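Chains: A, B and C, in written order; residue numbering restarts at 1 for each.
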Amino acid sequence: MPPLITLTTDFGARDAFTGSMKGVILKINPQAQIIDIANEITPQDIWEAGYVLKSAYSHFPKGTIHVAVVDPGVGSGRRPIIVVTEGYFFVGPDNGLFSLIYQEAERIRVHHITASHYFLPNPGPTFHGRDVFAPVAGWLAKGIASGNFGDEITDYVKLNVPAPKIVENGIEGHVVHVDRFGNIITDITFKGIQQLLGEGTNLDESSVIIAGKEIKGLKKYYAESTLGTPGAIINSSGALEIFLYKQNARMNLSIKRGEAVRFTITR
Amino acid sequence: MPPLITLTTDFGARDAFTGSMKGVILKINPQAQIIDIANEITPQDIWEAGYVLKSAYSHFPKGTIHVAVVDPGVGSGRRPIIVVTEGYFFVGPDNGLFSLIYQEAERIRVHHITASHYFLPNPGPTFHGRDVFAPVAGWLAKGIASGNFGDEITDYVKLNVPAPKIVENGIEGHVVHVDRFGNIITDITFKGIQQLLGEGTNLDESSVIIAGKEIKGLKKYYAESTLGTPGAIINSSGALEIFLYKQNARMNLSIKRGEAVRFTITR
Amino acid sequence: MPPLITLTTDFGARDAFTGSMKGVILKINPQAQIIDIANEITPQDIWEAGYVLKSAYSHFPKGTIHVAVVDPGVGSGRRPIIVVTEGYFFVGPDNGLFSLIYQEAERIRVHHITASHYFLPNPGPTFHGRDVFAPVAGWLAKGIASGNFGDEITDYVKLNVPAPKIVENGIEGHVVHVDRFGNIITDITFKGIQQLLGEGTNLDESSVIIAGKEIKGLKKYYAESTLGTPGAIINSSGALEIFLYKQNARMNLSIKRGEAVRFTITR
């Protein structure tokens, strides 16, 4: 099985960014298989990249190396890092992009990448994706141990991820992502509801309040909803999601990431 | 030769959708080679996905598994299916997406996918691309026979694809696709013209009427046309196409898919 | 190591164009590994494709076959060509797309592709990416010598690439590319400055004039700049670049490719 390297970046598909990274990886490690996760991350949006990476990474075979580059601080003092969890490697900037990985993983080891002999010669100040992260991923995929790239650190950057909290008859959470279809995804999860409101909580009579609108009940699938009326659903990641069947809920509700969402039991 | 799996979806490149599918496939079948056909299909546009898939699938080696997911009915009663033709496999929702494949193939066998032990555990209601179609493709690529995934069905969904018809001195057809460049592609084909108007039909003196505009004659290549004047051509798929050299014909003519196009012989 | 073929096109990800090309390549050469460099090149923008290809190609392993298709003249008299340099192959239309490769390479050999038995049968007039360039790349990757595809030519098309020139106290150059982030990249390079203004030129006290605005000094990295104020930097390709930290400099400065940029030493 060839070593797997994935890319999650804001580099788009109209420039030489991802192509250059792929070339660098393959020059170092012609056996590597490179898979695009998502390269159209909104420019500079570290949260979006973090959410997308968190959603995808664990579906890959153990040992996969996930390279993620959304890096407004490139060339500054921000550190390049390798994150090692029980199953995966992550390579990218130490700017909080991996915060959700830290939250989820059972064991974490973070290395500050300093061994510059693994970089491209004379790395420039604006494109560490090509000059630092791609070659490090290539060498990592060749079997170089993560410890060889630099010392372990413990003060890596963790973004403050707000947690849903209990309110009267329910939970208040936040919009954490809006996907291509305009579906609004929250940090209120089925698991979280069971934990906060009790194991046997019956979701059949519930209500979601978002942007001043109330959405009554949960749907079992998108098409169950009436056209033009927002619906709520526990989606395939177990998260509460607000959608508009065959349309764009974000445009309909003018919602932004971070906004409050309230889920209440109405029984 | 590694087993080939292609993707045609409306999942874009800013979310975790295609990345998750690729991970699931590679976890089941690390030998699979995954090729993106098109992941920027207009959201929920089953017709567009069907047209794109039909245009691309037969260029792949025999045995290729084409996964196509544009799936507004996900989680509802709509069935997941495997389509087996003389040369290819298709995996996706039974919502008409494969209608043009049914039309074109000599032999068709359709299986309703019910063998849930091939799915991800606990498939959710909103992302069968990841939970059902990707794993089924992965197992199919490992050599599991299509019959093992579920019984054959004959009442699979076929969209009503309108056919061009003979009118005075010519043919009336429809716009079936508008491509990235704004080229307007119709269901009037060179082959269809020969069939409907006679084998020896001379196309040299012809005329196309679209959106109330008349375009005289056929061009032999795009650059033969005057800048700013729409031209008509029999394109590389043998279809009548209306274009605007170095510009966007759709924007110029305000055309939508489904609109009528008339092709007449003026000799 | 499998033979590598890259794609740089304006074909996007919503049509069957790149998928068809990949299928054709893999049918001819199932061993080929196909890597997307960039398929969202602005439609018909030969310059953009040329710049992107030039930025990426040399990062790939020697022997890589780079297919580039931005081809408004498809089907006309413009010739299909193979370009052979000391390390790489390039396949595409003879419309100047490879001008920057010609400029950079030490040795160049250009073949006019005429051996139509390597094409798909009956190539159409609108999609040589699928019918000509993809199959030629597939056969080239199988080891067919470039000479077998057609005779060498010397009158291949070279676009007139304007060179930066010395002006009072500095250099006048041009905008050559604007990337996804809105960063404005010029043809004034660190190397060019040393050549034109002298080896020891101190860049610490310098000034850039673009679109009537003066930008004083060079930054060492993006984040060194004040939010909302354009900065200048020698980027990772050694080129003078104008940026707006975490924002879009092109939108702020309303700049287009080709516009003049003046770099002066103010010490």
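Assume contacts are C-beta pairs under 8 Å (C-beta built on N, C-alpha and C of every residue); 3 or more make two chains touch, one makes a residue touch a chain.
None of these values were measured; they are calculated from a predicted model.
Peer 1: Among line, ring, star, complete and other, which one matches the pattern of chain touches?
Peer 2: The chain contacts form a complete graph, every chain touching every other.
Peer 1: Same residues or different residues: which describes how subunit B and subunit C meet, taking over half shared numbers as same?
Peer 2: Under half of the interface numbering overlaps between copies: different.
Peer 1: Turning subunit A onto subunit B with a C-alpha fit: angle in degrees, nearest 5?
Peer 2: The superposition gives an angle of 120 degrees.
Peer 1: In angstrom, rounded to a whole number, how far apart do the mean CA points of subunit B and subunit C lie?
Peer 2: 31
Peer 1: Can you list the residues of subunit C that touch 2 or more other chains?
Peer 2: Only 13, 36 qualify.
Peer 1: Mind listing the subunit C positions that touch subunit A in their complex?
Peer 2: By the definition above, subunit C touches subunit A via 1-2, 4, 6, 8, 13, 35-42, 48, 51-53, 55-61, 64, 179-181, 183, 220-224, 233-238, 241, 245-246, 248.
Peer 1: Could you please specify the touching residues of subunit B with respect to subunit A in the complex?
Peer 2: 10-20, 22-24, 26-27, 30-31, 34, 36, 43-44, 72-76, 78, 123-127, 130-131
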